[in-house]
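What follows is a group of structures, each given as C-alpha cells.
Both complexes below contain chain A, partnered by chain B and then by chain C.
Let's look at the complex of A and B:
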C-alpha cells in the first residue's frame, strides 16, 4: 500500500514537472507563443472553442462527431469481428472461408483503403464509419478466434462428461473461456479505431476533432491545436479506462 | 490376443464395466505407437479399481477409453451392458488439474451438471449444499476457484463430478499435484465417500500405497504397449473398524502387498 502511494507520488511529480517546464518556457518568454501557447492563452482558446466554436461547431460538437464515428465503427466492427472470430475458432470450414480476408485486412494500413472508400462512398459519414468498422473487425476476429483455440481441452472434456451437448460446450465453456482474449482484442481495436479516425478526419472531413486540429494548424492557431490534442488524449484515456473497468468487472478471473 | 483373459471375472452376471480385448494405437504409418494392447478387464458395481504401472504404460489411455475421450483401435469398452460411445454424464471425470470453470463461483461449479440438464437453481441448491457441506466448502460457495487452495480446488472438482450422480467416477492422478498431508486427507475423504455411496471408482495413480490403501482391486500394468500384468484383490478398502490410515498403512499385510505390487511394477518396467 505504502509502495503504491509512493509510486502515485512519482506519477504526480512527473506531471507537475512538465507543467512547471511549460510555465517557465512560456511565461519566461523563452519560447514564442506560436510554438507553445502559455496557459492563459490556451485557456482563452479553450473557452473560445467551447462557446463560439470552430467553423460553426463548438468543441463539444466536434468531440461528439468524433465519438459518434468511433462508437458506431467500433461497436459494429467488434461485434461482427468477435462473432466471426468465434465461428472461425470453433468451425474449421468457417476459418478456411474467411481467414484469407481477415489476415489480409489486418496488417493493411487503414488509410490505404480509405481512398477506395472515398471513391466508392464519398467523404460523408458512411465512408468513415465503414473505415472504422473495417479497422476493428480483423483485430477482434483474430482475438476471438485465438481465444477459442486456447480453451483448455480438459475444460471441454469435463463439461462433456457432465453431460454437455456441443452447443452447451460452446455456450458454457468455450465462450466464457475466450472472453479475456475477446476483451484484450477490443482494447487493441479501440486503439486502432481511434488512430484511424483522426487520420480519416484529417484527410476527408469538415467536422470532428481530427479535422479541427488540421484546419486550425493551417492557420497557425497553435492554441486550438493544443486544445484539440488535449481533448483527443483525454477522450482516449476515458475510453480505455471505461474498457478496462468493464473488463475487470466481467472477466475478473482472467490471469488468476 | 495375448493376455486376453487377464483380469476377467468368472461370474458374468455382475459385470458392470468391461474392457474386452481393448487396444489403442496412436498415430499412423511409420509413427504408429501402440499405447494399449489386449486389455481385458471386468469389474463389478461398487468396486474401487486402482490402476498402477510405470509411466507411459497407458494408464491414462485406459481411463480415457472408458470416459469416451478416445475410441479404441480394437476391442470394446462397455458400461452397464452398453458400449461406450463418446463422453457422457454417467461417467464423472476428475483430472490431476482440477479444470474448474474460473468464471463460475464455487456453487456454480458444483451445480454445473444439473444446470446443463436444465434444473432450476432452486432444484439443484439442495444437492449442491449437501455436497459442499460434506467437504467443508459450503462457506466458500460464493467465492471463485482462484480464491481456493489447491486441495480445496480438487475437492470442488470431485464434488462437481459427484453432484451429477454418475454411475462411475474416473480419476486420473487426482491427488498427484497435492502436498503429502493434503493428499492423505483427501484419500480419507474419498474413501469415506466411496463407503457411504457404494459408487464404482476407477483410479489411476502412480502411488502404489494409495492404490493398495484405497482399492478393492489393484491392476498392475506393464510398460508400453500397456498390458495388464496382474490384478490383485486388496482387502484394506473394505476393512471394518476404527483403524486409522497410518495404522493400516503400517500393517504387515499392507506392507507385504505394497511390496508385491512394487516388485511387479519393477519387473514389468525392466522387460
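Let's look at the complex of A and C:
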C-alpha cells in the first residue's frame, strides 16, 4: 500500500514538473505562443471552442462526431474480426481462406488506401467508418485466432471424452479460454482505430476532433490544436478505461 | 497583445543572435563574410502552371545561386507557414495571399518579396451543369468543396458572405484538389472553388464556370500568389535573393515573349498537356516586376504599397473565421513586405 502511494507521488511529480516547465517557458516569455500557448490562452481557446465552437460546431459536437465514428468502426470491426478470428482458429480451412487477406491488411498503413475508399465509397460517413472498420478488423481477428490456438488441447479432449458436442466444446471450453486474448486484441484495436481517426477525418471534413486539429493546425492555431490534443487524449484514456473495466467484469479470472 | 510583445522580444533575440553569428564569421573568415552565399537553400514550391516552373525546370536557381537547392513540394500555403516557423524553408514560391496574411499576423518570420500573379479568374467557382445553379441562392442545400485555408477558401467564404448565405444553408467541405476531383466524378459534390489543374478537370467532367471573381475583387476579396523569404535568410543573403528574383523575372519574360515555348516547359513540370498549361496560364494576371513596385501593389522601400492593406483585410476576414486569433496593425503588414531585393534585381 505504502509502495503504491510512493509510486503515485512519482506520477504526480512528473506531471507537476511538466506543468512547471510549461509555465516557465510560456509566461517567462522564452517560447512564443505560436509554438506553445500559455495556460491562459489555452483556457481562452477552450472556452471559445466549448461555447462558440470551431467552424459552426462546438467542441462537444466535434467530440460527438468523432466518438460516433470510433464507436461504429470499432464495434463493427471487432465483432466481425473476432468472429472471423474464432472461426480461423477453430477450423483450419477458414484460416486457409482468410489468412492471406488478414495478414496483408494488418500492417498496411490506412493512409495508403484512403484515396481508394474515397473513390469507391464517397466522401460521406461510410468511407470514414469503413476505414476504421478495416483498421480494427485484422487486429481483433488475429487476437481471437491466437486465443483459440492457445487453448489447451487437453481441455478439449477431456470435454470431448465427457460427451460434449462440437458446439458445446466451442461454447464452454474454447471461447472462455480465448476471451482474455480477445480483450487484449480489442484494446489494441481501439488504439489502432484511434490512430486512424485523423486519417479518416481528412476525408471531406467539417466535423470531428481529428479534423479540427488538422484544420486549426493549418493556421498554426496552436491553442486550438492543444485543446484538441488534450480532448482526444482524455477521450482515449476514458475509452481504454471503459474497456479495462469491462474486461475485469467479464474475464475476472484471467491471469490467475 | 502578448503576441506582439513576444514577437518583438524574439526579433531582438534573433538580431542579437545574428549579430553574434556575423561577428564570429567576421572574426574567423573576414574575406568570405560578405560575398559568400549559402551552401544549401530550402525552397518550397507548388506543382502548378506558372512561370516559376520554367526557372525550376531549367535549373536556373541552381545556376545563379551556386548552391544546392532542396526543392520541397507542398500542397498548401499553410505547409509553407509551418515549415518557415520551424526554420526548414528559406523561400516559399507561389504561396497564396490568404495563408501569407495569416502567417504575418501570427508573427512568422518571413517577408513578401514578390507578387507573382493576381489570381483573378484562375481560381473560380465551378458548378455541375446538371445541378442547374444559376444564381447564388441556388447553392442552398448543396455541397461545395474547397481546400480549407487556401485563397480559394477565402474567396468562397467571401462569396457566401457577400450574398447573405450562411454555412448552415450551404455545406462547405474541406477537400484537397485531388480528392476534390474524385468526389466530383462520383457526384458527391455539386460545386467547388479551386485552381488549375483540378479546375480544368471539373470543367471537363460536366462542370461550368460560375463567375464570382469580378464582384469579389470589387468587394476587396483580392487574392494573389507571392514569393516569401524567411527574414533571417533575406538579411543574411541579400545578393542571393536578388539573383533568385532575377531568375524569376527571366522566367516571366519567357512566358510573355514566347508563350508556346513556355507552355511546353511548364506543362512538363506540371504534368499536363501544353494546351492545358497554356489555357491555365492565360487566366492569371502575372504582375510584371516594374508594376509590382507601383503603389497599387508592393510599393518601394519607405513607400509601402496598397497590397499591405489587402493583406490586412484578408487577415481581418480570417480572424472573423477564427482561423487566426487577432489582426495586427497595418504597419506589421507593411514591414512584412520587403521590396529592396526586387528593386535591386531590376537595376
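In this section, the second predicted complex is superposed on the first by the 253 of 256 C-alpha atoms of A that agree within 3 Å, B and C clash if a C-alpha of one lies under 4 Å from a C-alpha of the other, contacts with A are read in each partner's own complex, and residues count from 1 in each chain.
Please note the rule applied: contacts are C-beta pairs under 8 Å (C-beta built on N, C-alpha and C of every residue); 3 or more make two chains touch, one makes a residue touch a chain.
This structure is a prediction, so every number in the text was calculated from the model and none was measured.
Once both complexes are superposed on chain A, the partners chain B and chain C fit side by side without clashing.
A simple residue count on chain A separates chain B from chain C, and the partner touching more is C. In the superposition on chain A, no contact is made by A:243 with either chain B or chain C. Once chain A of one complex is fitted onto chain A of the other, the partner contacts of A:152 are limited to chain B, with no touch recorded for chain C.
Applying the stated contact rule after C-alpha superposition, one finds that A:34 touches chain C and leaves chain B untouched.
Once the two complexes are laid over each other on the shared chain, residue contacts for A:160 go to chain B alone; chain C is not touched. Of the two partner chains placed around the shared chain by superposition, chain B is the only one that A:168 touches, whereas chain C remains out of contact.
Put simply, chain B and chain C get as close as 50 Å, counting only Cα atoms, in the superposed view.
Under the contact criterion defined above, no residue of chain A touches both chain B in one complex and chain C in the other. Residues 2-3, 5-7, 9-10, 76, 78, 81-82, 85, 99, 102-103, 106-108, 145, 148-149, 167-168, 171-175, 178-179, 182-183, 185-186, 188-189, 318, 321-325 of chain C touch chain A in their complex.
For chain A in complex with chain B, the touching residues are 152, 154-155, 157-165, 168, 172-173, 176, 179, 251-253, 256. Contact residues on chain A toward chain C in their complex (touch as defined above): 29, 32-35, 38, 41, 48, 52, 54-56, 115, 118-119, 122-124, 203-206, 211, 215, 217-221, 223. In the complex of the two chains, the chain B residues touching chain A come out as 67-69, 86-89, 91-93, 95, 97, 99, 101-103, 112-113, 115-117, 144-146, 157, 160-161, 164, 166, 170.
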